[in-house]
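Each of the two complexes below includes chain A, the first together with chain B, the second together with chain C.
Up next is the complex of A and B:
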């Protein structure tokens, strides 16, 4: 059975990959249904995950009188309201969209704020944990670019020498970004090859 | 015609041949008539030999030819016998290279038998036994008759010539001393006689001089045929047996009285033999070297090589295998056993260089499944009270830095004066857009960064709305299209001309990632045929003519993930060159998008709060960025100060000196 799974995955991957490089009508006819099936399967997989979360985790907590069953009750009510609003109002409804954005955006934004505080606190102790030259470089780089991006050095635009130096410093992140992009490309390539040749089998569970 | 024996390979060749048929060596030419000088030399040699052997005063050179020496002993011995003795004695002297031990060690039976009776029967010397000579004369005649040699009554010239021709090198004697008595068979079959008639003289001028001197010493006048032997070569018949006729054959058939004389002279002859061997070898070497042709000398790497070595090298070669097996004289094939070139042994294993192995290992590591993620231990110590206090102080300071500029209207900040190029290009691109062509706004961002993206994108959306450009919205993630529609609604605000229902079309979620993007680039209506409220896109008055992305005025990417910006750039740039691409990204994605702007794949981009501020300053429309930039700037400065102070304190507290103190305490 595993062989069949691998064969299907490899064949589908090759068809989609060839359609990515060659603009052929035949490949397009094969690729579009595969893409639709993938979207449908991903939606069903999300539904399965939601059902498992509702019935397998939180309802189980209510039945077993779990100490944290209060949070489970909130989650189940929020899920039911959102599901019913989406079914009856539709995803394009403005009320439904405000319901989503006014819940999800503040939550995720608060998480980002906590992340910012955590990063600042971690930066305070960077030299306490990494007392080497790389730690010093990171420490000075963080301070330097925070100051540069704040815009407080705008007066240096009147000084030619400092202006050139700051302009060159702004190019340093670009150089690092190019290296990151190359790494991302290589990683994506390796991942794709692993899936196509059957070395990596995420569909086996 | 007489044959000529090659000096190198010792083979017999025709007298007319100039080169040896076997080894191609130049054959010796037939000698010409004797000159006066040679005659004088022969005479001197004759006198010398006569004086040494017979202890007789050397007669004058002119006399021996005509008048035989007078004496009692000489008178008793017949003249013809004296000549035979002298010739035989001279022949023995002409064989200096005969080894001395040949007589002692390898004496054949017939020779031993010959010597013993002679010693017993003739104790006296041959010279003093005149009756015995008479008595033995019939025996000599018999022996000569057996060998079919001419006798005394024959012509003297032919008789002497037969004797001279019967003389062969001692080496030939060994070949004839066969145990089966082949010698007698040869004699009886007349081989000896034939060879005596055709035997050539494989000697040089010096040898011939010796013979001639013997003849002169014996009082025999040198016949004409001896003086000119090569003028009329005799026909060659059975040359091989003739060459091998030995001198001992002559000795074997000598009469007893002659054998006795041999024993008496044996000691004196052998005494001279050793001395003559050296001289003979030297003369022979000189002869052989002189007869070597120039081309052969040039071929010889070393001139010091002896004749024996040359003879050994010229030994006929017999192949023991192959089609020429057993055939003498054939050139052997080259021994190719050492020249065999073995084919390269290609093993079944793959041979790779170190660099190739390194690359293979790297590729294998890439293909291997990723390691299992390391699960962090939950047994970590909780923060200390001092740590908690520091965290609390940091949180309070950051919140104050964000809130105070908002609450205090008079709080001023340092405004940048230099506008980035990417922002200026973005403004110019949007101003150049046509109001008839819709602009596709593609979003991909998380809800947590929606605030930053919203503040950054608002100046751009407001300008598009102000210009009345239709907008098509899509998103490659689930939350994106919902947040994006809310952003556009905020940008429209209360604009009476621009309507959300007329000028904006939400195409919803675009699945498939890069594949979906590629399909959208190739066929937009087929990829996204319906809006989020399930209205067909083709029926729209504005978007119904949207057959490809080239019908769009521009593509604006809203993302906090540079990966999706890259995918959009790759898809659109490959399929629809010339479509303006703009990007609105968060600050964290700006460095990764900047290379695409530097390469010209993106016409411009706005990143973060500072980018939005620049855009608002350029459009001279104060917005959310202008209102919140003071908080942003103050927060960044505060964070920088906190990190610097905290790092310095950590550096001091965690110094090795303080650590030692802590351990000691």
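Up next is the complex of A and C:
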């Protein structure tokens, strides 16, 4: 049975992949329903995971008198209100959208503010964490590019020699990012192909 | 078929054949792979061993990936790592726990943990709630995962997958708990954040090498070798392109 499951997964993956490269109507007809099924399955997986979060984690905490049951009560009430509003008003309703965004946006904005403070504090401790040349270079780069991007050196645009040097310096992060992204792209490619040819199976069937 | 499609198809075919070729037992025996040392992975192996000895738990966080997005491959690597960590800690009283911010990956992580339990004859102690969704937006996910990191029984954290700025919350919480944390993200923002907030960080393609370094499956080591070959080819093409541009040919 396991072999059949793997064969179905591999075949479906190959059909979808080949559909990207070859513009054949036969492949297109096979690929479209497969992608539709994948989208439906993905939605159901999301629903199952959310129901598990509600019933399997937070309701269980209430039943077991967990020390953090207070936050579980808040989550359950928020979930019930959002679900009922979504069912009765519909997800596209303007009132429902406002209800969700007027709660979510302020909470996430306040978290962003916390992140800003935490990141600054963490940056101050970089050299404690990475006591090596890489940590030192990272620290110097952060300081250098903070200064460069802050606009304090805007006057250099009038001086041709300095302008060229700063323009070259601005290219360094781009080159570094390209190098990292190249490695990530190759890693993604190899990982995806391992899964498609069935030599790596993040599923057991 | 456009030239771009043809090139893409050739690269995919080359990669697939390369992985199959380097996975062959004969090739592996004749040309053993040389892998450089990555110190954070060495420390992770030690931390897993210690967690088995002291009866603590390993927490693996996949971030908020999307299975249909190219970035989801980093979380697929996380699942392979989860499988291997599950195998390595099968003698522990506390099997690993996995959190994610996506329903698909939650189900996949449960499936992986169930598979490990069957393989290692520990199915009796298997709890499906070891793999769970903590939130569906990056921030809600991070807040839920922070609770797992704060659990006194969790002493090793592996953050591998899709992370953005919200990763600060996870890595700083882990640091406060003084637990071992290995952090890796495919995104540049996530990597910069981890570099600033964690001691053990995997940068760039090192993330994709983790299962191979944990001696998972031959295909992982084979894919590292194919990646190296592709890297040389891309490097040569870039140098050739630069030279041709400088000489006015392009």
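To be clear about the criterion, the second predicted complex is superposed on the first by the 198 of 205 C-alpha atoms of A that agree within 3 Å, B and C clash if a C-alpha of one lies under 4 Å from a C-alpha of the other, contacts with A are read in each partner's own complex, and residues count from 1 in each chain.
Methods note: a contact is a pair of C-beta atoms (placed from the backbone, for glycine too) under 8 Å apart; a residue touches a chain by one contact, two chains touch by 3 or more.
Remember, predicted model here, so these are calculated numbers, not experimental data.
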Overlay on chain A: chain C relative to chain B, clash or fit: clash
First, second, both or neither for A:31, with chain B first and chain C second: first
Chain B versus chain C as contact partner of A:47, first or second or both or neither: second
Which superposed partner A:202 touches (first chain B, second chain C, both, neither): second
Which of chain B and chain C A:21 touches, first, second, both or neither: second
First, second, both or neither for A:181, with chain B first and chain C second: both
Which superposed partner A:147 touches (first chain B, second chain C, both, neither): first
Which superposed partner A:111 touches (first chain B, second chain C, both, neither): both
Which of chain B and chain C A:78 touches, first, second, both or neither: neither
Touching partner for A:101 - first (chain B), second (chain C), both, neither: first
Steric overlap of chain C with chain B in the superposed model, located at which of 131-139, 221-229 or 239-247: 221-229
Interface residues of chain A shared between complexes with chain B and chain C: 20, 23, 38-39, 42, 104, 107-108, 111-112, 123, 126, 142, 177, 180-181, 184, 186, 190, 193-194, 197, 199-200
Parts of chain A lying in touch with chain B, wherever the complex brings them together: 16, 19-20, 23, 28, 31-32, 35, 38-39, 42, 90-92, 94, 97-98, 100-101, 104-105, 107-109, 111-112, 116-117, 120-121, 123-128, 131, 139, 142-143, 146-147, 149-152, 154-155, 157, 173-174, 176-178, 180-181, 184, 186, 190, 193-194, 197, 199-200
Chain B - residues contacting chain A, complex: 366-369, 390-391, 394-395, 398, 413-418, 446-451, 479, 482-483, 485-486, 489, 506, 508, 511-512, 514-516, 518-519, 522, 531-533, 562-563, 566, 587, 590-592, 594-595, 598, 608, 610, 632-633, 636-637, 639-640, 642-651, 653-654
List of chain C residues in touch with chain A within their complex: 1, 5-6, 8-9, 11-12, 15-16, 19-20, 23, 67-68, 70-71, 73-74, 76-77, 79-80, 83, 102-104, 106-108, 111-112, 114-115, 118, 129, 132-137, 139, 147, 165-166, 168-169, 172, 186, 188, 191, 193, 195-199, 203-205, 207-209, 211, 217, 219-220, 223-224, 226-227, 230-231, 234
Footprint of chain C on chain A - complex, ascending: 17, 20-23, 38-39, 42, 45-50, 52-53, 56-57, 68, 104, 107-108, 111-112, 114-115, 118-119, 122-123, 126, 129-130, 138, 142, 177, 179-184, 186-197, 199-200, 202-204
